[in-house]
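Take a look at the structures below.
Two complexes are shown next, each including chain A; its partner changes from chain B in the first to chain C in the second.
Up next is the complex of A and B:
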């Protein structure tokens, strides 16, 4: 039956159903990527002239010949930012899921709703909330509280800029991680945790020996997902610190943005983007290879 | 371990899953908790295990109230209907899990795992994960995990229901033997009366949360306390006919349309006070005799050969009777048959209260 259907409708149906989305992907993903690749080999600036300069932009980026003194700092920032936000998201998501699903199931919905709010907010609002909370004057939320109890105000965004952007991004990631982990925990059969309890396990031991091992795939998936997400993220950094103070929170893609759209060095900015795309694709291949693409795409949420 | 369930009630919002259940389980006893689906067996078991708090009533282990003792401290072994093996652990690690939690030294742990695996014949599957085992193997591993910690009480929730018919019969005997050898107090939940009858020392029959009767398999079969128990115990189940008891002259007669059954003298005395009451007559399929008889109004509806005997459904005015007949009996659908019951084999129940009024041998 299936075979008959497949044979009869075959190619035509495939083209009909996949065509539009395939066209969109080509138009809005591949075309820009190709354009960016081309631009990366030009010295295109404000005048939008296609002056091909070979590997000039990349040479500069890698510090061969005329070097860009900011590149090492941006590289370090990107690594710190990504590796900082990743555990906040994954461990935070796990903690909240386990707490809201197992320890206090009653309060669970409330908790999950609270941590889902950031995802429902427009990015500008989320960024503004953080910027306002840590505003360095006494009008900022935390400084207002401090002044109210007589403490001196703190220049949060100058003293702890990286911690703040890491938390802002990490907390945002929690919403998705928490949703995925909670759904996975919900599918763990009740009898399994009951069996563990009869076997003498405490709530902590149940979490460690039963829940977490069963969440292996969701954890790996969310880690890979957010690793790539944070690596490419710049919106919230831009909204909260703008990359400052003096490039202290300037991450890779934000620098590319600044080069291209603030300094109008399109060619040089594009070189950063090209490198990021290369890193992304390599990471993606690595992840798919490590997890096994089939498994990742077809596996159920937990292994039962 | 001795278990006392004292006036246990468990209410879930609008459902009363267990209603005023009192039950005494002796040390070393094999008690079956028997009842149809949804009657509250699992709830009773989970309450005894400590997963549910009683709405009212108490549970005592060896005379000690355990209502506030969490499951992990009750020293129970449990096999769940789904087996609930940890899917990410091998059989060996599943069995080792309770011992590791108790910090049993490695050496002793391995010895105990080996012993229990040998006892249940699962040495071969120890390195495998649950996903790579058959249902019967999973069931044994689950049992091994429950037994390895030497519990004072073993709780089994329909452990045989996922097995095929043949394996179920094998495991029935093995489980019974194992329980006797180890002498662990065991509560066995099942909806299968054959399982309960064949394995248990005593059976507690539960219906809609309430306890109907407790007794030995023989007791429940011979002397059911009410219509529900009578209908539940025995396959094929007992036949029930609505009848009325009438006094005609000197005789007491059970009457139903054209059917009449004169009670013999000894019964006349004891049942005299029931005249004109609505009753239900209970007849076990094996107590009815049939033979071809042209003039009879009863006729064979269907014959199901079972090998050792034949199950014959007989259509009588207004009812169907199940009859176990010798296999060689020559009957076909449509044959008119006369049917006959020994007066000392009949059961009578009150049609209103459903209490048993007469059971054979009383």
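Up next is the complex of A and C:
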């Protein structure tokens, strides 16, 4: 009897505490996802008519029958963009954390604060800052500097569009990675590094043989996090290059956006998003399996 | 149709009145000779008659809702003209003894087209669509059952109101044999250039008028040559700036190069490969000659540098843009009259030799009556009065855009307006943007190709090849000119 009551009260507490958040997740995540899945099987356009066309959108996307000639190019762009921005974020965040945690605390804090500024900016400001800095007229920041010293202006966004959007996204990601890595480094007992110093280890050796091995889990977490983040990212690309010039920076999620909200082909745009969700979930499962989710969640991974 | 509707409203009052008469007569027939009863029933009858007449006189007010878009504040007269029309309509109804009045509730939006259209579609799906709406995508609206055809209304009132609308406007209102809306705004795109720059190059006003006549009877190449002279002389920063996005101005340029994009007979899009290639190559050449920049600057730079005299010619504006330049960029009326010139897009030399004249384009909006309107005939009458010569002149005076109908030019409001009178002929050569659901998607691809070629990241031939692949996949019913 007591067990039953305890079980009942446990369920009640679970419903009480989990209910509201679960309802929100269902309402704002599962319902839109289900709707998006349904729309992906329609030819819905701006007039919002539900005309089901079966797998028509996916067939076009995969090049069966009337194929979309841009899809292969967008796929390559997405891979280049993701694999380009990922090391900028993870390695950049790691280097800054290691460096800033090994210098004087005040200087380190200042350094980390500077790299955290992008995260505090509204996305549109960050995007336009980059767009303005690399504008191809003498009104752009870098061209203004070049003009001031007598150098000709450079069409940055035409000559180096992918590098610029990779850096813009990568630098933004650094702030989060840096925060996580810095927090992780802070939990490493000083005894370990002190002992290494006493034994005559250099900064490089300490970093390589003590700090980095202990940061394995945060690095893997940040890698997984940003891998999916960059796959889904399109806002800064849209603000800086708009996907151009000539589709050179058109990535998967931006193309989905363009299809849905510029060309008003909601059905076709939804098909791209559905595929992205499938890729995301698959990647997530792969990463969790590779990391060992159970081990990850059972105890802290920093303390030694 | 409208007359029937009005008669139906008249009929309501007449029946009621007749009914009351009959009731009184029946009662009198049933009465005997007793005076008191006669008197009593006579009083009752008089009361019924009086009440009946009051009921018959009671005015029925019908509310019509309209969503009108600017975009921006410049389009506000499109909204106030509907209110003016409601006033006139009520006067006509009153004078005709009709006991119906129209109340027009207009919601004016300064939003851009896209969010405004989204709002309309969502409102419609929610069953809360307005009775009248101003939008552009006729094909989508008609095919989706959002609007009612107005052909019969236009034909009925042709000689009363619609007889002198510029002929090209109806082409932009017709789809699949029906007229779906009424034009009420026109801003022909064209070429603005700076006469003061040409004067600095040594040209006299007479030479300028000969080289770049206001009727557009010159060639694109002539204008480009003058732009290059201005750039080479370092008088300007930019020779020619076109739109930074796809739009009517780009379509007009395509037409000037003889690029066929649409087949009205077959109602299908056309990929005119030879002329499109020539169009792309010409732009590539202009970039190499530094007449056109390799990337179009943003709108603010286009407008700002032109008004400041740092750009020789802008292809990103229309005949009414000076009102915006005056309001936002400090253009003076004197500079407008003295230093700026406007002409429709002249044809390229090849096209001129083939007999093509100057061309202008406008993706003009229409007043539509929605299928959720309970009184479509009244809404159409309202639209008719909102496009009267007076209403047209009011809109024209406010926006500096040419009137969309001939007779408005003689209206006292704009008869003395030199700018409107001078630029009015541009409205006559306006061609509408094709009404095809995929037209703007097609233009979007053409514009991306143009930007890619100008940026030097793709050759004209490769861009055309990509375009053909897209065209074949997306518009299988389209026609390709090899």
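Methods note: the second predicted complex is superposed on the first by the 288 of 304 C-alpha atoms of A that agree within 3 Å, B and C clash if a C-alpha of one lies under 4 Å from a C-alpha of the other, contacts with A are read in each partner's own complex, and residues count from 1 in each chain.
What we mean here is this: a residue touches a chain if its C-beta (ideal position, glycine included) is under 8 Å from a C-beta of that chain, and two chains touch if they have at least 3 such contacts.
Because the structure is a prediction, the values reported are computed rather than measured.
Looking at the shared chain after the overlay, A:20 reaches neither chain B nor chain C. Touch criterion met: A:194 reaches chain B, while chain C stays clear of it.
Look at A:157: by the touch rule set out above, it reaches chain C but stays clear of chain B. Within the superposed three-chain model, A:204 lies out of touch with both chain B and chain C [touch as defined at top]. Look at A:105: by the touch rule set out above, it reaches neither chain B nor chain C. In the superposition on chain A, A:45 makes contact with chain C only, while chain B stays out of contact range.
Of the two partner chains, chain C is the only one touched by A:139; chain B is not.
Residue overlap on chain A between its contacts with chain B in one complex and with chain C in the other: absent. Those residues of chain A whose C-beta lies close enough to touch chain C in the complex are 45-49, 60, 66-70, 136-137, 139, 155, 157-158, 244-248, 262-263.
Residue ranges on chain A touching chain B, taken from their complex, read 189, 191-192, 194-202, 205, 209-210, 213-214, 216, 303-304. Chain C makes touch with chain A in their complex at residues 117-118, 121-122, 125, 137, 140-141, 143-144, 146, 293-295, 297, 301, 437, 440-441, 444, 448-449, 451-452, 455-458, 463, 466, 469-470, 472-474, 476.
By the touch criterion stated above, chain B contacts chain A in their complex at residues 46, 49, 51, 70-72, 76-78, 80-82, 84-88, 97-98, 101-102, 145-146, 149.
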